[in-house]
Amino acid sequence: MPQVTTLKNAAERLVEIGRDFHRRGWALGTSGNFSIVIERDPLILAITESSVDKSRLRAEQILCVDGSGKPLEGVTGKPSAETLIHVAIARALNAGAVLHTHSVWSTILSDFHAGRAGFFIEQYEMLKGLRDVHTHEHREWLPILENSQDMEAISTQVTLLLTEAPVPHGLLIRRHGLYTWGSDIDEAVRHVEILEFLLESVGRRQMMEPPAL
Amino acid sequence: MPQVTTLKNAAERLVEIGRDFHRRGWALGTSGNFSIVIERDPLILAITESSVDKSRLRAEQILCVDGSGKPLEGVTGKPSAETLIHVAIARALNAGAVLHTHSVWSTILSDFHAGRAGFFIEQYEMLKGLRDVHTHEHREWLPILENSQDMEAISTQVTLLLTEAPVPHGLLIRRHGLYTWGSDIDEAVRHVEILEFLLESVGRRQMMEPPAL
Amino acid sequence: MPQVTTLKNAAERLVEIGRDFHRRGWALGTSGNFSIVIERDPLILAITESSVDKSRLRAEQILCVDGSGKPLEGVTGKPSAETLIHVAIARALNAGAVLHTHSVWSTILSDFHAGRAGFFIEQYEMLKGLRDVHTHEHREWLPILENSQDMEAISTQVTLLLTEAPVPHGLLIRRHGLYTWGSDIDEAVRHVEILEFLLESVGRRQMMEPPAL
Amino acid sequence: MPQVTTLKNAAERLVEIGRDFHRRGWALGTSGNFSIVIERDPLILAITESSVDKSRLRAEQILCVDGSGKPLEGVTGKPSAETLIHVAIARALNAGAVLHTHSVWSTILSDFHAGRAGFFIEQYEMLKGLRDVHTHEHREWLPILENSQDMEAISTQVTLLLTEAPVPHGLLIRRHGLYTWGSDIDEAVRHVEILEFLLESVGRRQMMEPPAL
């Protein structure tokens, strides 16, 4: 039972992140869901409860689920509807944390590029904030999945997507927002900041005319 | 005299909301007005005073009005000029709280789409934050009323609008902003966050070119 | 010597406003200058010192000037370079406070519409936040003056502008920002919020396509 | 050994700046790096450590490097990868502080105008916030260098750029952000605020149609 962290520590961190992301416009309404792996083999995740207001997130709203996404015995409250996606990502990539944000820019770019099922982000220095990227001469494919209320279907697609090389650092769900992850929660938070920055840059860049000269 | 909440509780909450909404740019100048139903049969609302600065809102600026929008006996201060709209919504939908915000995006989209008296918001996951919406495959018609200084006229139109099915979750007044509501104040606040997010998304999406490919 | 307020009270309020306006992006760098009339007949203004950082504004950086814009005897420090404009407005309109902000939207709209020396803002509900405006069916002409480093020349133009009816509630200087005022400092602050909101709304509205239908 | 300031003072100030710039979106992920000259002849800079989160910057993450960009004896931790650029600027201009920010607007404008290797910013009053600029009738050329991971190559180009007159007040690296500097840290911070404001203004101005009339 290799414990990675405690529920208490994970819950404290997710509460802090939830409130911060709400303030930054990335988890408005009851949107956004966040998880930290607390044990492996078998897998246990600490994840945000379904439909809670992130601006007032409390530690009791962080629940433990097993590797099939079911609440552990004794857990009261319903885990996030998107728990299966978190589990799929934690399994496929051995990730230590998974974060789903729901910003304006991820929402509209996931719609704009939906016809191609993704788009490239390239030549930006900020890409170097992504794990194992060491140069701006990197070409990141950000995949887009069609949205669905069938979480088993989406999580299966996510698993498929993450078993093909090159593995992306995040993915979009159409008109729904961003999923990203990291080997630990710090890296996952950094990936949110990096990808949200890149999405805003790509979006605003496109609203300008073609290059001068 | 079924009491829903006390004036004291309602006032504390509205003060907190007023300051927060001001900070977020949704109630600048003296714009915005907010109410909570504190009794039903007969109806009593706690509502913000007319023309007050929401960044410095105080509990004494929350006044009680009856079901015709008139201040209760002994109340000093003038209730919001738009009190009749709050009463119309509280009556038509049995709402527990009504919030009127005045953001940039609601202002310009209510003008852009005024010729069609409204517009659809659809296929956004964030729609699920609206009461009784359980899928992004929802088509929300956001109606727009022409602005007027005749509050009786507007409130009559609001009542008419809300008696036709499907009942919307909010409505715009042209170049004037958003009205939304909820069964209680938490739901109404969530509806503001959801609708303001959707308005910004719809507005920015439209400023991009047509979809790629 | 009709005293309106004390230097101490005026300085405390301007310090609070300076820090708040800096945070909101309206007084970055050393931009922005703010004054409150503290005596009339003869006129004395409390005004921000030249070239100070508004994010760290201190009460000692608020200086007294007379009706010709000169520092009172014993004052150390140089009053804002734009003191003459404040004096011109205080004299022409009997204003109690004058605020100059320097936002992105005021900067670019003052350039976009410079060829016409101003533009109309009309049919916005938010116009009702301006003094003596009681309906959205108001047509506010926001005049634009060409920028200059000759403060006597600008202040003369400001005086001329404000002696013609209808008197505007604010004015722009090209690529330089907004001047507005009020009978007291609360009204002047409200006018800044209202006009900055309207400028952002007008600017973003224009970036959308023509109305649907 | 002319000491300009102490490491302790420099570190305190850079920690405060790092957290503030992160909050303003200018140093997300692990982007941004900041330095203050603490000694001259020989040159010693206090500079941010490589790859640290600026929202949680601590004084121990500010390291001393010499005039060749190497850590002083006894320093643990790796200085910013871009240390050579800071040294090049401090040497070429005798600057007292160098700040590199990474905003959305600097990122996209450095790309939009890359074909011309720079662009002019002119006629903006805000230009007067730059050192030795006394009128809006100033024409500031903001040079753009192609991005590279070869820091020696970039720092050589920076040195060349800064030895030609007129010396700019800042420079962009393509899709990478802004470098600016000052005779001391206060001036450098002011230059960041001024240039970021101007970049946003220039960017948004360009998104509007050509001037009216």
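The first chain written gets the first letter, and so on, giving A, B, C and D; residue counts start at 1 in each chain.
In the analysis below, a contact is a pair of C-beta atoms (placed from the backbone, for glycine too) under 8 Å apart; a residue touches a chain by one contact, two chains touch by 3 or more.
As the structure is a computational prediction, the values presented were derived from the model and not from experiment.
Colleague: Could the interface between the copies chain C and chain D be described as same, meaning over half of its residue numbers are common to both, or is it different?
Modeller: Different: when the shared numbers are divided by all numbers used, the fraction is under half.
Colleague: Which whole number of Å gives the spacing of the CA centres of chain A and chain C?
Modeller: For chain A versus chain C, the centre distance works out to 45 Å.
Colleague: Hey, how far is the Cα centre of chain A from the one of chain B, in Å?
Modeller: So the centre of chain A lies 32 Å away from the centre of chain B.
Colleague: Name the residues of chain C that each touch 2 or more other chains.
Modeller: 207
Colleague: Determine the shape of the graph in which chains are vertices and touching pairs are edges (line, ring, star, complete, other).
Modeller: It is a ring, because the chains touch in a row that closes back on itself.
Colleague: Looking at the whole structure, which two-chain pairs count as touching?
Modeller: Those chain pairs which touch are A-B, A-D, B-C, C-D.
Colleague: Please name which positions on chain A make contact with chain B in the complex.
Modeller: Where chain A meets chain B, its residues are 25, 28-31, 53, 102, 104-105, 107-108, 111-116, 119, 147, 149, 173-177, 203, 206-207.
Colleague: Which part of chain B faces chain A closely enough to touch in the complex?
Modeller: For this pair, the touching residues of chain B are 123-126, 129, 134-137, 186, 190, 193-194, 196-197, 200-201, 204-205, 207-209, 211-213.
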